[in-house]
């Protein structure tokens, strides 16, 4: 043969699902992985030489918010930051300003924005309105949402409403007709509200009060109510973010009873503690809040025991102004940035705990892709999958929030200044380099919408 | 010796905790059981000859309402009916009209009425107000309440209020300082209200809609929320009436996690089904409602597996007028009479299922006495216990509601006309005959208040 | 009435199955317990005043050897010692010299000796010959044996043979037709023999070698083989003496699989350790041997967890000469005396561990009676049961082997000189005092054979 | 680049460990898999086009006998038949005639024969003599045996002896120092011998008596004794062939207790029943014998539940003469041929049960390779592994024993005439074609000894 069969060959230590293949190469053709090998690589039109570095699957962030603070224009910056962080698929939440994704029409509008603005691929959650438009669920599924999101807690009556028990049940029954998962923001409204009122009334508004007004039982009570409805309806119900190991135990307990239940951890619950909100003030506020160091240990035990569905960021790039603590922690927006620091931080935490780097590929790429019905197109380095790749250089690198590739006022991070054990040296989206370690090379619109690939469910 | 040591000797087949002692006798001295034997009885000033009949411990009805419909004056009739039914200890609910038992002062007032009106002994539950006066809990305990009762569902804002999550938690924390049990009326307010509104709005107000608007999940969701708070607080939390076997399974599951959880069945959930509310209309309405025949089977399986704390009546002698269905089941009062039929019906159900009569003594005397801290003074025929006795004649007897020994408008029963396998031939309260099979021999005031005997808890 | 209904009244603190009734009395009529009470006792022809002492059910020693060393004449001394020890029922092993109880004819001969010689009541095990006469099993059952005994280990080819796997299976199949239990001496022949040969060959014949040549695995392997045959045949198979907590765990494991398996501890395995055989030399030799202090702790944990069927003595009154160590532990007879020290030692061990005295009644009277089908005639102070009673005086008393009421050369004990927390102040057999704390009052022949009372099995 | 990087490219539908990659290719370089891909393959010096066929990893037969009947010369024919059957690694038993592999010297002699005679690669078991030469175990491990084999049953005192309990324990203790597995032939000698004697004595020597004299309990009793010794010693103990699902359950039970236990099925136990020995007579005799159809179902349930370590053949190519039934089944040699039919039969059984073909790769290549410490060199199509491949053509093909590529008198099979759902179209050993669907292309000596690759254990 006279012509090379591959568009590009990428060299490096490949992090496959079950091992690291040292001195490996990936042959890319037509945006996908066409071959995997070791030794001398076949000829290709282009060779990307990352020998000595880890080549991982591009991360799939299963839980993030591009548009919850600034509307759909936020897609542009958030996905640029994703590209710089090696996240090649953003599974975006539906709680958008001013219009959450509650029907097929709105989804269509958002898809248009995705196609104009996204730097990486995006999958989308759908949701329903507070008044319970479950009749729009089927249309959202047809149009390709990968999953749904609902809440037991009302952050905002329009954007992020509490869905009451009767409506929740109806929604679960409708979603259960598909195998799609519904992720639930899990906090008990009545407890949080009362404790917050009491704190405010007594003038206790300093940062730690954010933790005190949302104690662990506010989460576990919400977990139980959604899981009982899961058991009743057959719907796959998923804790959108468990800050507690108990959340995963409850999911197991209900699965043993025949329910389809699961849960995810966000990376902050694997490293941050109550001390950190005292230190970070508003920039450490998220819901659920940080817990104790003991709880962090229990969370890792859950990870090691295989109980954690996947690890995400809950990335929410609030304008810096909205995060500044001015004496009242309750007035600050809840949510953290996390996408650009995601890969280095996971690598760091795994290394500190002596866990293999394959867990990074599993917990933050393959498993979220499976939960959201995007696997095997997304989530792993396998022949046939999209050639989405994250190249990591090991070493000691300080994470600098000023280098976040989002709009200026989103360049803050709870991890600012932290020493990481690696950095993202390159990112490839479907075979094309979109980050070279210094610049985002992709243009807005390089990313595409990834509809759910199939109707098979996955419980982990 | 020249004088008989016993005040009275009672002859019959004695139902002891673990067996039936045929041809036995009980020697009573100073209101208590002083000896148990067989064969020729020792001399006594009086001999009550029930040879050929079953002599059981007087029943302890762990859940009943003397005063929820007509106020404390209801004590008189309800306890007279108890005497005629062989119930020698009424554990009375605190949801009294017009003043529920929410502090020591009110309890004092109720105790005065008990001492004036009661025909049998009474133990009393305490409760709190909707606004959460947990500071009164310690006083109620000191004054001798045996247990507490709270609700997740609001039947009446004053008499029978929903206690919200924050208040419930505070109450549990306070009660947990003692080993007392708190029984919870377990229905999810939000689900029941919405389903009821929808039914009313669509004009569906016939009897079966009472079941349809309170489906099983309304109970199990309430069970889970109270049990999670039990786990959090260490408080002994008890389902006041589980109409579902799942309630007992959940109690076990939480116990396995270290919580102190339990539940009771009411007798109606061991025999009545949805068909019965269609037949009985308003006279078959209670909360939770009757379930399916399959569920009744599961309830008995739970009984056999030893999962059911005890069996009670939830006796609530509404005036007949309040129970009459006039086209709107939602307008009817919820609650059934059941005390006078309790012993014959339990005997009948056990016999139909081939279960030993010792279970009647265990489930409706010894175990409720243990749960409420009244054992060993109450609940079993043992040397040293109060000589409270229920004498049953086996045979076929039709239960006639007109013979209920309560005020005239409380002489109705869902079991009216049912053929029973036995009848209450006599009742003894602390050694004194108070029912002879035809007449209540006790006068108002014969009954006494039984304070909780000790601080030991009992989980079954 | 002018005449007392009771033959005798016995006063004391009664140890009932579930509690101690202080200041109680027992009314005896016609050899049985006719009444139990407190307070002033009814008149009786005779009053035995043990006020201030514990009145327990006479012990049932579920495993002992009257005739394994000296033949049936041993019944006389062994049962005299039983009377002095408060053991009112001896369940005697069939491994008699020179003729083990292997058919109905031999049983008849032994019964004759029992009626002539016994001071307390006796129930009897049957067995089979090494050559497998399973056809004689039915006759033994008809004639009243309570249980069977077989062995995986050959102590003597005639008296105490190893039954091989095929014969064991046939015997189990035959015994399974009844509900009788077969107790198995559980040691792996092949391991014990080889280890013993090796020890002898290397001249290691000092006392500790008895333990080293019978390590724990020799027991557990035997346990497994008999339990697998139990599962196969449906026969109730019982470890005749587990010196290991693992034995009880295995019994549970096989029960969970549907087998009918159980096991018993002998009292020596609850207090003696390897150090004791070093100290006692031949007088500390028994099979299985003493284990470690840690194992003793695990045994007690098994007792507390309710896993131990019952506690017996394995009493084997070898002539002193046969127990003397003269440089070769393997030449010494295996077996300990234990009946006269049984009650005081159990009381002492329970007290040292803070366990209630009701456990003595349960583990060494009620439960062995149930396992051997002798309950409720034997095993508990209950109305209707035989008035077999053990009266214990609490205090500090030194156990003196010279006071053992057996023939002279059987007056030795591994517990000689030990300080006990109580002594046997009196023993009653069917209402008659047979021991008054100083003298055995019964004559040979006072004891009777107690045939199995019924065919119901009991697994604990 | 001007030169092709691959020695050979092989095209087909690749059966990878977790999926089938349709239209794939494998690039071979230096005997190993250097790349895996789809689409147009890179240039190579040679292309083997199996498009439309399944390309599986060459099978690893974890249990087979080349030399148990005819001595080491049997290696030649057995491995030729392996090549024709797609088995590229034979894990050969040590029970060779006349000299079993009991020390390093004998192993050396056998290795010489392997290097002269083998057509496929071979790994070797070691064993010990009946007299217990455990001191030779370390040398065998050093010299590269992958595992050990011992027996509870004596087939032949020299070649295939019963190892008694004391010797077994010593051997386990020695082997436990490594992580190597010891596979045990599991039948209770005492039961089998007695039942066989009885059958012979009564003249019952027809084929079904082979099953009747080795009932299931003969296996399970042996399983228990070896597993208890596994628990005691920490040694990885493996049932060499469980014909019973219970064997796998016991392995699980002991693993849960901390033992290192496992078991394997042979393919005959997944399809043959007692009816088949009646039909096949001597040619259906193997130890353990075939079981019931119900047991076959339970075996498949165990396979589906992931309890079965791996599936092997126990291939034993007895001369035809030794298998002929002439009125006495006990006179016939025990063992079946099975290697050449292995792949087609597994494919057929999986297809009949609707199970994926990936299970063939897992159960008969990857898992045995892991158990024997040969993975990842052997057992799966992965970059870096030996390019051992089995090419299967789907279709309907009748299995004809005459085409077995062994010496003439080994050309018999219990599966003769059976319709298979596929045939072995080609076999590659380390990248070289050794079978083309018609002829064995390899010469004796093409195969190599594969020593154990590492000391890591694997329990499944």
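Should a chain be cited, it is by its letter among A, B, C and D, assigned in written order, with residues numbered from 1 in that chain.
Keep in mind that, in the parts below, contacts are C-beta pairs under 8 Å (C-beta built on N, C-alpha and C of every residue); 3 or more make two chains touch, one makes a residue touch a chain.
Just so it is clear, the model here is predicted, and its values are computed rather than measured.
Using the contact threshold fixed earlier, the set of chains in contact with both chain A and chain B is empty. Chain centres were defined as the mean of their Cα atoms; on that basis the chain farthest from chain D turns out to be B.
For the pair chain C and chain D, the distance between C-alpha centroids works out to 52 Å. In this assembly, the C-alpha centroid of chain A lies 67 Å from the C-alpha centroid of chain C.
Each chain gets a centre from the mean of its Cα atoms; for chain A and chain D, those two points are 46 Å apart.
In chain C, no residue touches at least two other chains. Under the touch rule stated earlier, the contacting chain pairs are A-B, A-D, B-C, C-D.
Contacts from chain D toward chain A in the complex involve residues 1, 5-6, 21, 24-25, 27, 29, 34-43, 383-384. The residues of chain C lying in touch with chain D in their complex are 164-166, 169, 188, 190-191, 194-195, 217, 220-221, 224-225, 228-229, 232, 253.
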